[in-house]
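So that we are looking at the same thing, I have put the structure below in structure tokens.
Going in written order, the chains are labelled A, B, C and D, and every chain counts its residues from 1.
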Amino acid sequence: MINIGIIGGSGYTAGELLRLLANHPEASINFVYSTTNAGSPVASVHEDLYGTLDINFTDTVNPDVDVVFLCLGHGKSLAFLQANAFSADTKIIDLGNDFRLAKDAAFNGKTFVYGLPELNRNAIKSAQYIANPGCFATAIQLALLPLAKNGLINDTVHVNATTGSTGAGVMPSATSHHPWRTGNMSHYKAFNHQHLGEIVQSLQQLQNDFDDEVLFIPNRGDFARGIFATLYTKLNTDFELVVKLYNEFYENEPFVKVTTSSINMKLVLQTNNCFISLEQHGKNILITSVVDNLVKGASGQAIENMNLMFGLEETTGLKLKAAGF
Amino acid sequence: MINIGIIGGSGYTAGELLRLLANHPEASINFVYSTTNAGSPVASVHEDLYGTLDINFTDTVNPDVDVVFLCLGHGKSLAFLQANAFSADTKIIDLGNDFRLAKDAAFNGKTFVYGLPELNRNAIKSAQYIANPGCFATAIQLALLPLAKNGLINDTVHVNATTGSTGAGVMPSATSHHPWRTGNMSHYKAFNHQHLGEIVQSLQQLQNDFDDEVLFIPNRGDFARGIFATLYTKLNTDFELVVKLYNEFYENEPFVKVTTSSINMKLVLQTNNCFISLEQHGKNILITSVVDNLVKGASGQAIENMNLMFGLEETTGLKLKAAGF
Amino acid sequence: MINIGIIGGSGYTAGELLRLLANHPEASINFVYSTTNAGSPVASVHEDLYGTLDINFTDTVNPDVDVVFLCLGHGKSLAFLQANAFSADTKIIDLGNDFRLAKDAAFNGKTFVYGLPELNRNAIKSAQYIANPGCFATAIQLALLPLAKNGLINDTVHVNATTGSTGAGVMPSATSHHPWRTGNMSHYKAFNHQHLGEIVQSLQQLQNDFDDEVLFIPNRGDFARGIFATLYTKLNTDFELVVKLYNEFYENEPFVKVTTSSINMKLVLQTNNCFISLEQHGKNILITSVVDNLVKGASGQAIENMNLMFGLEETTGLKLKAAGF
Amino acid sequence: MINIGIIGGSGYTAGELLRLLANHPEASINFVYSTTNAGSPVASVHEDLYGTLDINFTDTVNPDVDVVFLCLGHGKSLAFLQANAFSADTKIIDLGNDFRLAKDAAFNGKTFVYGLPELNRNAIKSAQYIANPGCFATAIQLALLPLAKNGLINDTVHVNATTGSTGAGVMPSATSHHPWRTGNMSHYKAFNHQHLGEIVQSLQQLQNDFDDEVLFIPNRGDFARGIFATLYTKLNTDFELVVKLYNEFYENEPFVKVTTSSINMKLVLQTNNCFISLEQHGKNILITSVVDNLVKGASGQAIENMNLMFGLEETTGLKLKAAGF
């Protein structure tokens, strides 16, 4: 069994980790760290775990766990690791954005590997530290990797993606207040979203000369879960060939499904899947990509990384019933 | 023109008042008081008013307005009035619950009249101070008044009602956080809701010997606006007679519609209407009552009261397009 | 492996069965019968199964499967079975309401057992034919069984329950048309819902003298999944004792959780769980019960029954990640 | 008073017309034509009008009304007019798309004027026949007209817009079935939406040499009402100048509000307003445009056109309370 510690245990990604790990045959929750809820039952916050997980939040870190998941707010992981030392063997999976860019990835004499299995599977398997990708970044990269792999991105990439309200976290705010959010739509951080850095980094990893713009408008949707992303760019390549390249790239991937039929966001909710649909429109290829922001976009992918790091079957604990409706 | 001051200008009922008054032919907004937003444009908070209402919030009260609407949190109106004197002629309409019960209604040598026009129209017309009814209380009373009027409530009244998230106000909270609220349902304050007092008081006003229980379960619904209430009680009276009594009671009411067809909540959204449906089930009469919690359940009814107090046509400014969808 | 046939394969309960069985270690889908979609891929209708289940709908029944699930509309199962014979050993689990009442349960020289494991576990284990309970009926019975078991229901039971739109099935209709349903609430079949029969039958099974009314108002909610039910009745029993009796009744049940804390519907979505909350209000006990209408209220419970019938661990394939949000 | 006939009276745009006209001081509903509902009360379909509009649907056309609104499905208006003659003076406002393009606009020796007041106000005032713009087309054109007017569109225009489910009409369908639509997102007719024709036509009317692509992805949103559109294109012009040009273009427009603050869709729901927000991002200008698809995007604009055609104040009957929430 893998002894697991979770830091930042009150938030949505921690809750989703706990829900997933509850059914993971190799997972043993050692501690769930939360300064604000220390002493209270974990199920008092993640209430669906009532009767399933009967432990309390703690404000004490066990430095000897096999793996620790950092579910802190963005920008807080580095400070936490500087203040809390783990054993020399403890693996760390950071769900925040502190270590995702190569320029920030060095820590403690080692390097955080960017934990997108479809891009870095082998490096992940031998890594001790993982920077788990962002939710938008996951949906967008999976939509583009086969193009980059084949050196085909040679024009501006136009991205429009909408996220559910869980993406904004557990702390109530004006734009996640139900009266405002329900039946509404809006955008934020247009052209400036913080995930652009990791997206461009990955594209350049596969297509060294990539230097086109990625113009990205993120939207706030009227739903709790999911990311619906559309992307298009001009291609000089035959569409049938493109479809073939996508199918080849994802042929052995357990979680990515490629189709030329229309798709919708609900197909992947509550799963670790990413569905990708391809359409040709004149010179443009339109790529639609959908993920569950809390699963493939966060906690599911973190467990996928854990599985790879510990030599388990990648899908262990991640064969999830799709939401359907 | 009626010079109007609004106290507690940042909240939902104040916003709805301003939206309604923007099209009221006799209304002139003199000031909108908000300590937290003083100096900022009203449209910076109630953003749909951008280009329509170009005034700023103020923290200064003009004591000489013709009417002041108190849109403070429940329990704060009395303290505000004790700290802020208005002219001897200024009318006051309190949307909070401080003065709704007869035992609390005395103030400044006068008495707050309970502002349910279908119950107290004449008293409202000559009142200086009005306690505007609660939202649940409005839907529930309108469902029961014709029975009480005819002395027909002689058994327990069972009430189940669901409210939109605007009912919980503009301050974000855990149970109005979008990820939690959307696709969810829950109840709160079962059998103990604070509106029971005013409901029973009104029933006893019409049916002096009324002393049966009103068992009320309030629910939190997954929508922003509206109240959907079902009520039933045992009757010894012929159903056709009951329908006749309801039709007579509401015959000349501009905002209450009685039917024996099935109804749904959306019929009244964005209007000052209350739809009431009557069904017979064995010995029970089932009454369904729907209102918009922010209009007939709050700000619309407050303006209806203002119209009555100033001798205007009761529907002035309240002929509103129904939401439809 | 259990060879499985599914009849009425295009509907919601069939889709949910397929999603669940896709991860069931002992399940092998032999055929999915649909006259309207015969020849098309199952994943063309249940699109989330794309890449997971690569078989086509068929209009041919294999009479030798180990178990067949009937997912036809209510009232169509008997006709189907009369027209299509299965092997003498084939087990049948009917998700419709044709065989739920004892008076209708005889078929082919045998008897359909009412498949509520918390009530009839032993009979289910040895049954060949199962009548799977209705969704409302499941939520309501689980809320009341411990009272009935102890002979404590001695007054009218008042039930108000709201269901998601999947409860109305896959065929589009006026009251499940999105523009009408979203942000709306309504009731239907008040006091007359067809599940009342099976509810009363089960209560009488445990409490022979039960003859009180169950007054039930079913509502249409603005969400796709889930049932939120509140029930109350007058009790002469000490509340602490009642809590103790519920805890004892459900002590070894894998899917029912009893609490005295407040609960909400989302706690159980996408799971086979039922959460039950108990509150005392004067002489009334208030019981809140929540289930996922498609899982514990239909397909999950059907698989639970299959597990029992085939001697498997009851929770096989039913350890599901809760939706969370 | 204006005598009004409505054709296709059972649909959403007809219902919205009737709701709006109920409060229009110059409107008199002469007949509401519906072959499917002839003989039934209008309020049996548009139920919120119960107690407000007490007339029946008819299958007889009165050819002498002052104005007729065609609320038929797209492509059915021409056939209807060929089969049903109106008086020589009767004005016609077609809410469908039959006559929107100049090449299709000739009828009966006259020409349908494209009814976007911000573009064609003077022509509308003297027109007898109006082709009312499409909902997406309204939001998109209002976002672009000031650029076209000043000859500034000189690169591809990228448009992403999401519509509410009322946009798909009153007939239930798979993609407007509540279980599928709620909590979901999808796109349709990408790069091929039928509104592109009228959009390009209007841009060329103002900017004769306009020949750039308009790449438009329409999405299905999880809400009943509203359109949320984002558009961007590369500009060589100073942003402050652009803002000035927008403000000038819309300076005297009663329904269009220009801002550089962030906006959201709910600001305009239930109103005839269009809010436009401008942002600069490097060389790109980002324009956000929101309308209510049933009001400014359909029936409200149709009444605006009627007001202009009959010499009324343009805002008559269109000073609507914003939904707020």
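Annotations for the structure displayed:
Here, a contact is a pair of C-beta atoms (placed from the backbone, for glycine too) under 8 Å apart; a residue touches a chain by one contact, two chains touch by 3 or more.
Just so you know, these numbers come straight off a predicted model, no measurement behind them.
The chains that touch chain B as well as chain C are A, D.
The most distant chain from chain D is C, comparing centres defined as mean Cα coordinates. Of the two chain pairs shown, B-D and A-B, the one joined by more C-beta contacts is B-D.
Averaged C-alpha coordinates give centres for chain A and chain D that are 40 Å from one another. Chain B has its Cα centroid 46 Å from the Cα centroid of chain A.
Note: centroid distance chain B to chain D, computed from Cα atoms, is 34 Å.
Chain C has residues 12, 164, 166, 179, 182-183, 222-225, 263-264, 266, 325 in contact with two or more other chains. Listing the residues of chain C that touch chain B in their complex gives 158, 160, 162, 179-180, 182-188, 190-192, 215, 217, 219, 221-226, 228, 230, 232, 262-266, 269, 279, 281-282, 284, 286, 288, 325. On chain C, the positions that touch chain A within their shared complex are 12, 15-16, 19-20, 22-23, 46-51, 164, 166, 182-183, 224-225, 257, 259, 263-264, 266-268, 270-271, 275, 294, 319-325.
Listing the residues of chain C that touch chain D in their complex gives 12, 164-166, 170, 172-174, 176-179, 181-183, 222-224.
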